[in-house]
Structures are given as structure tokens and as C-alpha cells.
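Shown next, in C-alpha cells, is the structure this report addresses.
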Amino acid sequence: MQLALSTWQEVERYLEHSTGIIIPIGSTEQHGPNGLIGTDAICPTRIAAGIAEQEQILIAPTINYGMSQHHMAFPGTVTLRPTTLIQVVIDVVTSLHRHGFTHFYFVNGHGGNIAPVTTAFSEIYADLQGDISHPVRCKLANWWRNDAITRLAKELYGDAEGYHATVSEVSLSYYAHPEAVKDMPIHPAIAPTGDIYTAADFRRQFPDGRMGSSPQLASIAAGEQFCNLAVDALTADYRHFLTC
Amino acid sequence: MQLALSTWQEVERYLEHSTGIIIPIGSTEQHGPNGLIGTDAICPTRIAAGIAEQEQILIAPTINYGMSQHHMAFPGTVTLRPTTLIQVVIDVVTSLHRHGFTHFYFVNGHGGNIAPVTTAFSEIYADLQGDISHPVRCKLANWWRNDAITRLAKELYGDAEGYHATVSEVSLSYYAHPEAVKDMPIHPAIAPTGDIYTAADFRRQFPDGRMGSSPQLASIAAGEQFCNLAVDALTADYRHFLTC
Amino acid sequence: MQLALSTWQEVERYLEHSTGIIIPIGSTEQHGPNGLIGTDAICPTRIAAGIAEQEQILIAPTINYGMSQHHMAFPGTVTLRPTTLIQVVIDVVTSLHRHGFTHFYFVNGHGGNIAPVTTAFSEIYADLQGDISHPVRCKLANWWRNDAITRLAKELYGDAEGYHATVSEVSLSYYAHPEAVKDMPIHPAIAPTGDIYTAADFRRQFPDGRMGSSPQLASIAAGEQFCNLAVDALTADYRHFLTC
Amino acid sequence: MQLALSTWQEVERYLEHSTGIIIPIGSTEQHGPNGLIGTDAICPTRIAAGIAEQEQILIAPTINYGMSQHHMAFPGTVTLRPTTLIQVVIDVVTSLHRHGFTHFYFVNGHGGNIAPVTTAFSEIYADLQGDISHPVRCKLANWWRNDAITRLAKELYGDAEGYHATVSEVSLSYYAHPEAVKDMPIHPAIAPTGDIYTAADFRRQFPDGRMGSSPQLASIAAGEQFCNLAVDALTADYRHFLTC
Amino acid sequence: MQLALSTWQEVERYLEHSTGIIIPIGSTEQHGPNGLIGTDAICPTRIAAGIAEQEQILIAPTINYGMSQHHMAFPGTVTLRPTTLIQVVIDVVTSLHRHGFTHFYFVNGHGGNIAPVTTAFSEIYADLQGDISHPVRCKLANWWRNDAITRLAKELYGDAEGYHATVSEVSLSYYAHPEAVKDMPIHPAIAPTGDIYTAADFRRQFPDGRMGSSPQLASIAAGEQFCNLAVDALTADYRHFLTC
Amino acid sequence: MQLALSTWQEVERYLEHSTGIIIPIGSTEQHGPNGLIGTDAICPTRIAAGIAEQEQILIAPTINYGMSQHHMAFPGTVTLRPTTLIQVVIDVVTSLHRHGFTHFYFVNGHGGNIAPVTTAFSEIYADLQGDISHPVRCKLANWWRNDAITRLAKELYGDAEGYHATVSEVSLSYYAHPEAVKDMPIHPAIAPTGDIYTAADFRRQFPDGRMGSSPQLASIAAGEQFCNLAVDALTADYRHFLTC
């Protein structure tokens, strides 16, 4: 059940039986030579849609822009200041909390969002703690960080899975948007690895944008596998979260 | 050409022949008894897609949340603080400007965004004015405010077009998402009109969320007409904007 | 009745019969070769004084600085950042609301203030909406935007009225400050028109600061006419506003 | 020479021989039973006008609202948040500095402004220090804090001068606005004294708003004396400031 | 070499051979029935002192207050808003960077600081990236998160080490402040575990403030062991960091 | 009684008999050729410890970083933006106020902190004024500004005491940290005096960092005298403050 495609009266009825909601959050940033700039928003949007197909769970519109400061040396990357992203998350949760929602489950597609979104949760707890009638619970679920996904990626690609523009995320984005699959030679086969500092330094270390990955191995078929695994794992986790 | 479905190298090539970009911006707010909560994001997203079908214009991911403070007494509405929205617009423009973009054309679906987005433009001009090498130009195009759209709405619905949850926008959202068409009786036929103050006051004046409109007249066919008119009008306006 | 010239006990008594107040807001910015830098503050201050002469309405001190970013390439212009102006308006309204005022009527002299002041109203409604005992109503009245003023300007000057440093506002400021009338030749007779972007661009397009106007036509006598019309129109509008 | 009554070309010429400017700053707050709410803005405005009568010094429009948090339990008082006032001062100085002004002399009428305005100066020095071509100097001149004024007040009123709603400031405001003189009995003859904490506490300690003063002693004639002394002292101090 | 005990000329000489600095950061929050409120500041301060004993490394004064929102239901806890802590870290790094420091190594004592400090690093990279002459590198070293520490804690306490008010940190604080050792019975032997949400919820779940730990096992002797291990591990890590 | 060395249950018991707390606040900034960069934090920390030795008063951890913008041209100086320091003070007081503390006594070591900390107090009074159950009182005690200290400094050093890197503060820091005493020739004997503007200007006027002082006269013995005087004076003042 998509919030964007519902009426306010449908939401009113939804709140009678559930006060939980799923919010996909991504970013708009380079993902190497054959990865889509929207990858980090596309993956959680697709996974959330999969969850909603299975059961009556309300899905909020995707937050398409995230904290991508370190990718800014690559054209097309857009970054929110960390403090802007913090405020966006606060505003979205605070608005929905006013209507009676209590459990906010963010399906996240981007590692760079973790620090600011977690920071936002602390601000939210500080601001809303006085409201005892319906306490607030927030959770950030990074779709790629769970045993099922990690195991499959290891099995299929070993170390070539990498850290940015990973094979799994590029696959999942291709599964969601087969019309956008890019086919091209990529060298070297496996990208270098290293630490992340400034944007200029990132580009110097990782000239084509990949970190440790071989996204030329990506496929629609693998993307479907990753998507199904993520849908199952996150549906179970969300159900448990509702009981906290 | 969707930014989300492009690679950074494709954007690099795009910048060789154009430094303009279209950014759809909407809101997530009640649209009366049969209107979709996502209406204001859905319409500019659909119109921007139509523009991109015609020619090689880069379309950024939609900003799905806007300034909807006055609709907050209806479940499902999400509002950014005006200052948050200002910061989001600043960050998106500033990021893209760093890559060499100069002309930012926002296709807007929501009246409540006009004041904060215009405010953001002033901040952007103040911040980026020192960069003489590639000056910045921003424009906010409210899709429903042009002669072609107004004339058709007047012709089809007369005064029943209204001011919020208008027949034209509900029609356009149905055209974009036929799976979400809602069919229901609505009373009174035409909603009341009045001024906008606080959220509580809005709900008291406009109990089902409509302002002056009869969205039960909405249809997919009319939505297609509105969409085509908007695509043509905004494509022409965008072309002119690039020359400023 | 000027707030600045009253005691707190006089305000206490005023609040027994009215909870409305008028707040003039202007700017400090260039107004062409013969227009005063204070024009946009002088006009609403003079109009508000005229309203107060007619009846017992409380007038707050003028907010002398506004959002004038686009005029910053002309010496003497002062601009608040839009977010600063937003905060000033919030603080003024919030302070007075605490004493029991409920209706805030801003007489505005400057187009550039419209977006930030409107934005401030949304923040105010969000912040103060919990206070049901005395709800808040804000209105921005742009003195030059009403039928009586527009008709007279058209009649007297046709297209030479223009968009910035208009004949009507220069006239009104001369009426308020006859000691500051400037007499000088101005070329070309009618200034060019165009869109507003950055400050540098503004000066390039409009080298002497005028937009589309012939302020050399300004006169004290016409200023008196504009002032009287504005006083009448805004007094009526304010009275209606109090009933909302 | 009033900035508000000048044209931008007159300012351009002024800058050829001086880069100093005087900015009156006040507040809008209760001043006891017979003192004007605008006292703290009226006094520096009148003194600045006196300075400008003597020589060619540019005077900016008055900042009419200040930091008056502790007076908020009295109707009619308006306070900016300290951080808002800080930002206003930063914006005014930064704007004028861009045109070439280097010496900013604030004539202040209100003790509560001292901490935030001084804080603003530190922010300004931090922000503008990179601009070596025209370095910035700010000074806050509290008109009532100089030997000449203190001596006369002591001579005329002894301890009855007090700390808030002082006899000297009420006199000076009466001199500036004889039409607003209030004549009334005031008890007790001398108001109590004490420390300043919250607004509620202030009203409890100082029920009619005065601190330690007998403003019933105020007179237009004394106001003229105080004004002349202040004009002379501040003119000399300003001249010296220009040489720093 | 303590920055607080050095002169500016000694720092000037230090910068001739190193541009790295260590900054201890902690918090002021409850640490269970026998743990010190200053634990998270005391541990990194003591470890940093140990590092400085070994070699010529400059140690900045400790940031004593951190992000402890979730402990606020226990008396004595102080929390900075996450955005305040972000700003403190930005200001400290930016100041030192201006003097020529390039490598900022934060020794952190508190898990709740991780998200805001990491967020601050992103803001710093965004702000300072233009300065190519001496690029900036930041690292957050959480002293308790390294193999040596984890192994010893496991060996000594098994699961009784816990997650908050851990045996290792209480031991280390006792080693640093033997005068403050608290001896008392604690029940139950091992505290409960769970997720962290609001402050009220934290106190309900963890009534005496511990999470999963048995801090009654803490001892000065074990504290010395943990301290030595941390000093060695972080000295090595810092040396490597300087080469990045 | 040090908050950092207490448990939350000890604080709970403390609150049963007192709701006052002392908070040392300093800075990290150059103090001339032989003065310690930590002087302004070391002095209030030492004085607060002295007060706590005499009676049961709770001492919070020291705020080690202050507003030192004007010293930034000397290596090793760290400055918080004034607005950051304001926020730190607000957060510390607000946190402790939530636990029931009502009287916040800041022992301050640095003149540059006065404006921002005083500003913070105004914000705190505005924010917390609604809480009638336990009203808030804040006081900033500048240790060097009291008759006993001033008299001794005058007696010992006459004019050579100076304004920054004073003999008294360097002495007190030496008394607190005898291991850090620096012995060196200093020329000229007495440093120049002048006004404070930007950091660059400060260094030009005061090349070795001193303002009007001869800190080569500093001694541990004098430091002990100053410390004892300050402890006595501030203990008495604190006791009085608790009764306000």
C-alpha cells in the first residue's frame, strides 16, 4: 500500500490496525562506470514495493537525495549537507507521528546516510519524548547488511562484490530497471580499496568510482535473487520491530 | 534522460552540449476524498517524463516532500519545515552547479512550495554569485499556472476546477497512475472556498480537504489532455529559459 | 496609535478591545537615480500612519531591512539573508502573540519580501498551532497591489509606471519626505524590463537600477493621491481581516 | 545624511571620502508607567540625527527591535531571539562591507543588546577576516555610558536615575517626541533594584517595569541637555574610531 | 605533549615536524550503579595521556560533553543536541586546520558520539575541500573497539562485559581515578540487554543504567591492562593514520 | 564533589539537599610567550576544585573550548563560533535543569566568553520560562573580576598586570600545573595595549600575544594567593546566589 497512491481517508483506516510505516531512503550519486546514479534510491524503493506486495504495509514516498559528499567529484552526484538530511528525516517522522504513527522503519540504500539518519533519530527521541500517549520508535535497516544478502554475494562473487558500486546493488537496480542496463568493458577487473576522506581524494583513489568491486558481473537474474532475499529478511525484521 | 538511470560518464557527456536540468518537486499531502496523497509529486514527475520523451533533457529525481503545513490536520500528510525545504533546494542546486550545471528548471506541483523555493533561489544567488565562470539561473515553473491549462480547465469544469484537489490535477494523477483511480460519491458537489491559515482552521473550513473543487469530475482522458498541454508549454518555456 | 509612543499600560488597555496590530515592513535598497534607498520602508510607514490617523489601530515600529539580495550590486543596499528575515518576522509575531494579539497585518513595501514573509507565516502557524486559546492569523498586504492603486498608476503613467523604482512609489516617498525630492535628468526615458536573477546580472540588465519605469515623472501631489488611496483600501481590508 | 533619504549614487560619492557609517540600534520594550515602548530606539535615532546635523556622516535606518526577553511579561514588548539579532547585525554589516564600508559604529539604546551585538561582531570578524583589501572595524557605543551623561544624571537625579526606565532616557525620548509626554503619578517614588533573570521573575520584582528609577522627574528640557551631551561625546568618539 | 600545557610558540615548533593531533572526546552520562558519570571522558583522556608519554604527540583538551540523549532519564547526565556536538567538532577541527594541522585523530569513549562525529567529518570535508595546500583527514578511534581490547574483555568476563557500563570501561576509569572507586552490591549479576530508543524507554528497560554488564567485576588492575593495550593499539593506528 | 567522579545515584542524593551546580568554563588559546594555551580552562577548574574542597558543592566537567576568535592568528588557538558556544551552554544547562537543578553558576576564565554566555542565558530564560515548578537562575562569575583579586594584582604588579596573559592568571595556572612553568626572557617588559578587532589585526598590534602585561613576573607562590582569594570570594558569592 503506497502512501502516494492512497487518500487521506484510506490512511485514517490503516491507522486503525497499524501504526507502522516503511520509508525508503536513498541517494543520487555515481555508482561506477556501469552503475546507475539512482542505484541507492532504486534498491530500497524496489524492496519496499516487494514488501508491500506481500502484506498490508504502508510505504512512504522515497527520499531520493542523501548524504553523498564523498562522491561529489563525479558529475551527476547530488549531496544534501548532513544537517539538511537530518532535518528532512526529523520532519518526515514528526509529521507522521502527529497523525498517530509510532514505528518508523527506514529501508536504506546508502552507507553514507547511516551517520546522519542515526543522528536524526536521537534528535527525534529528544523532541518527541514528552508525548507519552504514543511513543516513537525508529529503525534504520540497511538492506545489504544482513546474513542472507552477504552470504549470497560471497557465494556468487567472492571478494569482487566490493564496497561501492557493488555487484549486488548494481544487479538489484538492473532487475528494477531492465531498460537501463549498461553493457561495457571495465578495467581493472577489480577496483582498488581504501579509506574515505574528501571528495577529491576519493576520485584520486577510485578513478572510475568503484571501490573494490567488479560490477560488470551484475545481472538482472542475480538482482531478482537479491531482491527476494531482501524482501523476506526485511519483512521479518519489520514484523519484529512492530513488537518493540 | 533520467539522471537516476544514467551513469556519471553519461552525465559528463551531457554537460558537453547542455548545462540545463529539470527538477520535479512535489509534496505528500491530502488531496480530498478521491485525490491521491502523492498528487503534487506525481504530476510534475509525469510531465517531466513527457518532456524527456521529446528531447534530450536531463531530469533529476523528484523531491517528493514539500511544504504542506496547512494540510497537517489530515492523516498521511507530511510536511517539511519551510526552512528544511529551502535547504534541500539549496543543496540540490549547489551540488549540480559544482558539476557545471547553470540552468535549474523546477517543475512544481504544489502552491505551498512557491514561497520557500523562491526564498531558496535568493539564498542560492547570494551564495553562488561569486562564481563568474558559470553563473546560475533558477526558475520555478508551476505546471498548472499557464494559459493553455487554465483555458482547458475553465472550458471543461468552469468554477468546479477549484483551488485544491482540483479536477485537473486529480485527472493528471489518474492518467499517470490508472491503477489508483478512486470512484466514490462526493458531497457537496462543489467544496467551499476561503483563506488559508493554520492546519486546524483549514480542516474546519474544508472538512474533506477540497477547496472549491469537484474532483469527482476527474478522468484519465482529461488527465492525458492536461499532461500533453503541460508538456508542450513547459518544453517551450524551458527552451526559452536556457537562452536567459 | 504608535506602539513606539505608547506605554505598556496603554497597550494593556488596547488589548481589551482589539487584538489586531499593523506592522510596516520595508527594505533598504537602491531605487534608481532619483528614488530614495528607504522608499520601501517609507511608503508602508507613511500609509500605516495614515491608517492610524483615522482610527484607533496600533502600529508597530517599522522593520526597516528586508530581502534585497538582487539589488546588492548598487552601493547603499542592505539585505537580510532570507532566513534572517524569516526569523525576524517569527520573533515579532511570536512576541506579540504572547501578549494576546491574534491578527497580524503586515503592510509591505517590497516585492522581495513576499516569499520570505510568506514562508515565515507557515513557520508561525506550525509553531503556534497548539495554542487554541487565541489562534493566530497573519496577512501580508502589498500596498501597491490593489485595484485602486493600479488603476491610478495606469491612468497617470501607462507603461511608464514600471516594476522597480516605480513612479507611484517614488511619488509616495516624496510626499512623505518632501525635503528629499531629487530633481535630475534620467535617460533613457523608460528603463528596460527583464527577469531577476543574481545581483551582478541585475546591474548588467538595469544599469541605473530602474526596471521599466520613468520615475522622473514622480511628484509630491501624485504621492498624496497614492497615499490616500492606499490608506482607504488597506483600512477596509484590515477591518475585514479582523473578522477572519 | 540619512541613508534612507539618499540615492545609491549619493552613497557612491560618499564612499569616495569616507567608509564609516553610523547604525542606530534599539528595542521595543516596556519602559515603566510613563516611559515609551520605543524609548531605546528613539534615543539613538535622535542622537544619530544630531550627529548628522553637525557633519557629513551617513546614518543607516534604525534597527527597531532588539533583545528584550526579560521584559516579555509586560504587554507590547517585542523581543528578537538573541540568535536572530546576531544574524540581523551580521547581515547589515556584511551588506555594507560589500560596498566598501569599513567602520561600523552602532549607537545603542539598550543594555540587553550588548551581549548579542558583541557576539555578532566576533562572527563578523571571523567571516570577513579573509578580505584584506578593506578590513572591518565594529564598535558598539552605548549612549548612556559615558562620563558626561553619567555626571549630569548624577547631578540632576542622584540615585533616582536608576537602571531601567531611567530619568535620562525618558527625558531624551520626550525631547524627541514631545507629543508623547505622559503625565501621571508614580508610586513608589523610587523603584526597587535587583538582578535580572527570567521575564516572570522580572515582573514579580519590578511590578511597574522600572528598576531603581523615578522617571516622573523626566522633562523635555533635561532631554535636550542629555541629547546635546551625547551628540558631542559620540561625534568625538566616532571621529577617533575612524582612525583605528 | 599537552596542548593545554604548551605555549603557542611550542605549537609552532611542533608543526614543523608533525601536523597530526589527538583529540579525546567523551560524554558526561550515567554509567550504572558503580560507574562514574565521567567514564567516557576519563578513559580517552587517560589513554591519550599514555600515548603522549611514549612519544611526542600533541594532545588537545578533552571534549567532555557528548551526545547522551538516551541516558537523560538518569540524574547527572548531560547531553549535547547532536547538532551542537557536530558544530563543536567542526569548530575544533577547522580552528586547528587553519594553523596547519592536517590529521585529526579523535580518541572516543562513547558509542553515542559515533553518528554525530562521523556526520561532522562529512561537513568538514565539504567545507575544507577547497584548501588543496593542506588537505584534511579525520578519524574516529573508538578505544574499546579493537581486537586486543575485545579479546581481553572476553577472556576476563565473557558475556558479563556487556554493552553499557561495561566492566572494561569501569575498570579503566578506576585505574585513572583510584580515589573514586565505588564498592557496592549490584543486582542482578548481569544486566538485561535490548535496543535503544527514547530516554524514558531506556530507563524502563535498564533500571540501574547498565546494559548487559556486571561492572561489580571491575578492578584497578584490569583497568591498567586495558589502558596499556589501548595505548599500544591506538599509537600504532595513529602512526598509520599519519601516512594516509 | 566532582560530577565526573560521581554515580547517578550520588547525584540523586545530592539533589535532595541542593539544586545548585558550578560549571567551570574556559578556552584554549594563546597566552603569550610563557603562558599556557589552557590557562583560561585551568584557572576556573582549579578554583572550582578549591571550592569543592571546602564544602559539598557539585562541580561539572570543564567546558574546555571557548570563543577565542581574536587569538586565531597564533598557532594552537581553538575557537568555537559564538553560536556554537551559545548552544553548548544552552544544552548543558537544559540537561541539568531536567534533573531538577535550578542554579547554574559558571566560573569563567575568559573575557571572550562573556558575550556569548550571557547571550545563552537569555535564550535559556526564553526556553525554560514555562517551567514554573523549578525556575532557572544562571550566573557568570569571571574569577578575575572581583575586588580581592584586583587589589592584590594592583599591589603586586601595578600596571604590569595587563589585560591578556595577565600576571595573575599565568601565576594561577603555574600553581595548578607546576610541571608546566616556562622560564624565558620576554621583551618588551610591558606589552602594548589597544582595542580588539580581527585576529590578523590582533597579531599585528600584539606580536607575542600579550596585552599590556609582564607575565615574566608570574610565580607559583602568587598563583596560590590568587587561587585562595578567588576560592573564598566565589564561595561566598555562590552561597548568596543560591538564595536568589
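Labels for the chains are A, B, C, D, E and F, by order of writing; each one numbers its residues from 1.
The criterion applied here is as follows: a contact is a pair of C-beta atoms (placed from the backbone, for glycine too) under 8 Å apart; a residue touches a chain by one contact, two chains touch by 3 or more.
Predicted model only: the values in this text are computed from it and were never measured.
Here the chain-to-chain distance from chain D to chain F, counted in touching steps, is 1.
Taking the mean Cα position of each chain as its centre, B sits at the greatest distance from chain F.
Superposition of chain A on chain F using C-alpha atoms only gives a rotation of 120 degrees, nearest 5. Of all residue numbers that take part in the contact between chain B and chain C, over half occur on both sides, making this a same-residue interface. The centroid of the Cα atoms in chain A and the matching centroid in chain B are 25 Å apart.
Inter-chain centre distance (chain A to chain D, centres taken as mean C-alpha positions): 54 Å.
Averaged C-alpha coordinates put the centre of chain B at 47 Å from the centre of chain E. Of all residues in chain D, those that touch two or more other chains are 72, 79, 81, 83. Interchain contacts close the chains into one ring where each touches exactly two others, per the touch definition above.
Each chain touches the next in a closed loop, which from chain A via chain B reads A, B, C, D, F, E. The touching residues of chain B, counted against chain A in their complex, run 2-12, 15, 28, 30-38, 41-42, 60-65, 72, 74-81, 83-84, 87-88, 91-92, 95-96, 98-100, 177, 179-180, 182, 209.
Looking at the complex, you find that chain F touches chain D at residues 67, 69-70, 72, 79, 81-83, 86, 112, 114-116, 118-120, 122-123, 125-126, 128-129, 132, 135-138, 195, 197-201, 244.
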